[in-house]
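Two complexes are shown next, each including chain A; its partner changes from chain B in the first to chain C in the second.
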Partner chain A sequence: MSDVIIIGAGPAGLAGAIACAENGLRVTVVDEFIKPGGRLLGQLHQEPSGDWWNGIKEAERLHQNAMNLSVDIRCGVSVYNLEKCSQNWNVHTSIGTLTAPFVLIATGAAEYPVPVPGWTLPGVMSIGAAQVMTNVHRVQVGKKGIIIGANILAFAILNELQLAGINVERIVLPEKNPNSQKAGEPEEVLKSLLHASHLAPSPLLRFGSKFMKKDWIRKMGINFYPKNGIKINGTPLQLRKAALEVIGKDQVEGVRIADTDANGKVIPGTEKIYEADFVCIAGGLYPLAELAAVTGCPFHYVPELGGHVPSHSETMETPLDGLFVAGNITGIESGKIAMAQGITAGLSIAKHAGKGKNNINNKLQQAVQNIRTVRQNAAIQFNPDIDRGRSKMKQIWEDQHNNNNQTQEKIG
Partner chain B sequence: MTNFENMVICRCEEVTYGQLLSTAAEHKCTARELKLRTRAGMGFCGGRTCRVSVDKIIESVSPDITPGDIPLKYQPPVRPVTFGTVGEKK
Partner chain C sequence: MSRILNHPIFGKINDRKQVSFQFDGKTYEAYENETIAAALLANDVRKLRVHEDSGTPRGFYCNIGHCMECRVTVNGQSNTRACLTVVQQDMVVESGKLLPNIIRRMVEEQ
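Let's turn to the complex of A and B:
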């Protein structure tokens, strides 16, 4: 039997496994994908320092370290339920039930789409699917693409598609409606891109800050945004165009697009069909917390973290005995931060298991501090208000420990 | 507009935007009731794809709901499994 079962072999899960194993715990990691690495496997971008962040290499390094410490890693195994049974956690998987006193849930994030009429046609995919096809499976997604949705994830992956020689013709916004909300309002989108632009890793992503340093543009804002967009490495970002419908008979043939005003309202008579053979929808990411939910762990809604997150401390423990969380399940951030959180969770588990001798407390404090440092230097930040989100969660946790009458919300 | 109403939101159960809106309007649904009436979010993927959209639609039709209050419940199994697996017999 293992001491710890870790669900998810992404950066958080693997780093957690290494930290646990280094402190003498027996660790099993399960992941439903065919190989370890999680979302790292799709990542490739240039850091402000000029170095490249090559997710595949990072995944290999973590995998190798974990193997050297005799961590048992099982890929292709799905966890479908998680429950506490006296002292142990039962982890129900597609290969049977695994049992351990400690569980770390590191299941990452999921994408949400912005539905557009015609989005069920073959050739329409989420932007993350395009990333996986390109960087993991090395399949060319198409010859002529349109991205719907302008956010950091879309730019990061646009860059990767361009590096792979895949032609993306334009980025447009989804039509404004109750589903797309702010993602369909040019003014709001521009604002959020400007917030994030100083964090951007590559010259491509920094376009915004350069553009907006010109004060007059900042003042005029979206009203003077060029009609044909601003080119990002050759691909025009068209904030004043909205996708009304994906068209095609048996597969994507094009997108019906119209000009919009600053608020995203379609200007009648401007509709035009643009040819395409693939369409990527960039909605956004939310913490994939379904397994924490079925345990009955309390949740909190923190929009800066990407939605509903399981209640957790800075040392990655949940209110449930023996249950820990790390990585994007606690809030949407980049891979390096997930790794730093994984180390923290691993040390935290070691401490609860009575391992790591006297200096474990010191190590744990250092690991918590390290998360903050990594966050400050992060090249990609999905939400500009992440710090506020993290402080909210910390406050909630502390209040709850001082006062049991705090309101909690169960989604499990 | 009909184009928009015919747009599929829950792909697994093929529930359209129009169906969700008319059901919500007719029955003044909670999130849970809307899910049970339409089966949106109850298909193969367990709602991983449409959960956020369905939540937003509920928010837009019931303005007195704050986003923190309305998550759809999660139920095991969170992945599709065979009866054999759940029953621990293969």
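Let's turn to the complex of A and C:
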């Protein structure tokens, strides 16, 4: 039997596994994907230093470290339920039920879908799917693509597709409707892109930031945004065009696109069909938290963190005994933050398990501080208000924790 | 679609072992340790199934196991995700098919 079961072999899960194992705990890591690394596997971008951040190499490094510490890593295993039974957690998986006193949920994020008519056609995929196909499987997703949705993730992956020689013809917005919400409003999209660049003139978005750093774009605003868009390393970003429908018989053949006004309203008579054999939908990320939900862990809605997140402390504990969380399940941030959170969760588990002796508290405090440092040094934020989101969660946790103590004192 | 054998940062891919498998009765070549979804795309096959009720075509969407859009039958096991299943030599993969809609038939017969 293991002391700790970790769900997810991404940056948070593997870093957590290493921290647990270094403190003498026996660890099992399960993951659905065919190999460890999680979404590190697709990542490829240039750091401010000019060095390349190669997620595959990072994943290999973490995997090797974990293996050296005898961590049991099981890939291709799905977890479908999680329940507490007396002192232990039962983790129900596709290879049977695993049991341990501690569980770390590090399931990461999923992509918000933006339904567009015709989006079920083969050849339409999430932007992350294109990233995995390109960088992990090394198979071309198509010859001629259109990205629907303009956000940080879309730019980062556009860059990766271009590096691999994949032709993306244009980036357009989804049609403005209750599904697309702000992602379909040119003014809002431009504002969020400018906001991101203001906080982080980022090499991660080498091409995007060139566009965003142009002062005249800020000043003229969306009203005078060029109809044919502004090129990002050759791919026009067309904030004043909206995708109305993906067309094709058995697979994608094109996208019906129209010009829009500054509010995203379609201008009648401007519709045109643009040929394409693949379409990427970029809706952004949300914490993948179903497994925390089935445990009964309380949740809070914190938009700055990407949506509903399980209640958690700065040391990555949840209110449920023996249940910990780390990585994007706690809020959408970079893989580096996920690693720092994973280390924190691992030390936190070690502390609860009575391991690590006297200096465990110091180590844990250093790890919490390290998360903040990594965040401050981040080249780009998925959400520019991430600090506010983290503070909100911290406040909620402290309020509840203090209330609980007071209630217990009263009862006592 | 062709494979990305040369990449400016990741480098070259060579010497990968090939395996063959069947999809809807036809034989395809895949690389070892490759998913069904990737192998089929590399063979220009995007359509993995039809919707069980409407019959409209479907392919992979999220490519990492979240959306269940790429479900196929693998060696007799239905609802298997093509994006998470590694091709094995002589694996038999069947696309998802149209299923009888019992409720609709009941309504029609009334």
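Basically, the second predicted complex is superposed on the first by the 383 of 412 C-alpha atoms of A that agree within 3 Å, B and C clash if a C-alpha of one lies under 4 Å from a C-alpha of the other, contacts with A are read in each partner's own complex, and residues count from 1 in each chain.
Throughout what follows, a residue touches a chain if its C-beta (ideal position, glycine included) is under 8 Å from a C-beta of that chain, and two chains touch if they have at least 3 such contacts.
Everything quoted here is computed from the prediction, not taken from an experiment.
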{"item": "First (chain B), second (chain C), both or neither touched by A:E32", "value": "both"}
{"item": "Partner chain(s) touched by A:P303 [first = chain B, second = chain C, both, neither]", "value": "first"}
{"item": "Chain B versus chain C as contact partner of A:V141, first or second or both or neither", "value": "second"}
{"item": "Contacts of A:Y286 with chain B and chain C, given as first, second, both or neither", "value": "first"}
{"item": "Which of chain B and chain C A:Y112 touches, first, second, both or neither", "value": "first"}
{"item": "Touching partner for A:N263 - first (chain B), second (chain C), both, neither", "value": "neither"}
{"item": "Partner chain in contact with A:T120 - chain B first, chain C second, else both or neither", "value": "both"}
{"item": "Partner chain(s) touched by A:Q181 [first = chain B, second = chain C, both, neither]", "value": "first"}
{"item": "Contacts of A:Q366 with chain B and chain C, given as first, second, both or neither", "value": "neither"}
{"item": "Touching both chain B and chain C, residues of chain A", "value": "32, 78, 110, 113, 120, 288"}
{"item": "Residues of chain A touching chain C in the complex", "value": "32-34, 39, 44, 52, 54, 56, 76, 78, 110-111, 113, 120-126, 128-130, 132-135, 137-143, 163-165, 250-251, 288"}
{"item": "Complex contact set, residues of chain B against chain A", "value": "3-4, 6-9, 11, 17, 46, 48-53, 56-57, 59-60, 67-69, 71-79, 81, 85, 88"}
{"item": "Interface residues, chain C side, partner chain A - complex", "value": "1-5, 7-10, 13, 33-35, 38, 41-42, 46-48, 51, 56-67, 69, 83-84, 86"}
{"item": "Of chain A, residues touching chain B in the complex", "value": "32, 78-82, 92, 94, 96-97, 110, 112-120, 177-179, 181, 245, 283-284, 286, 288, 290-291, 293-294, 299-301, 303, 307-308, 409, 411-412"}
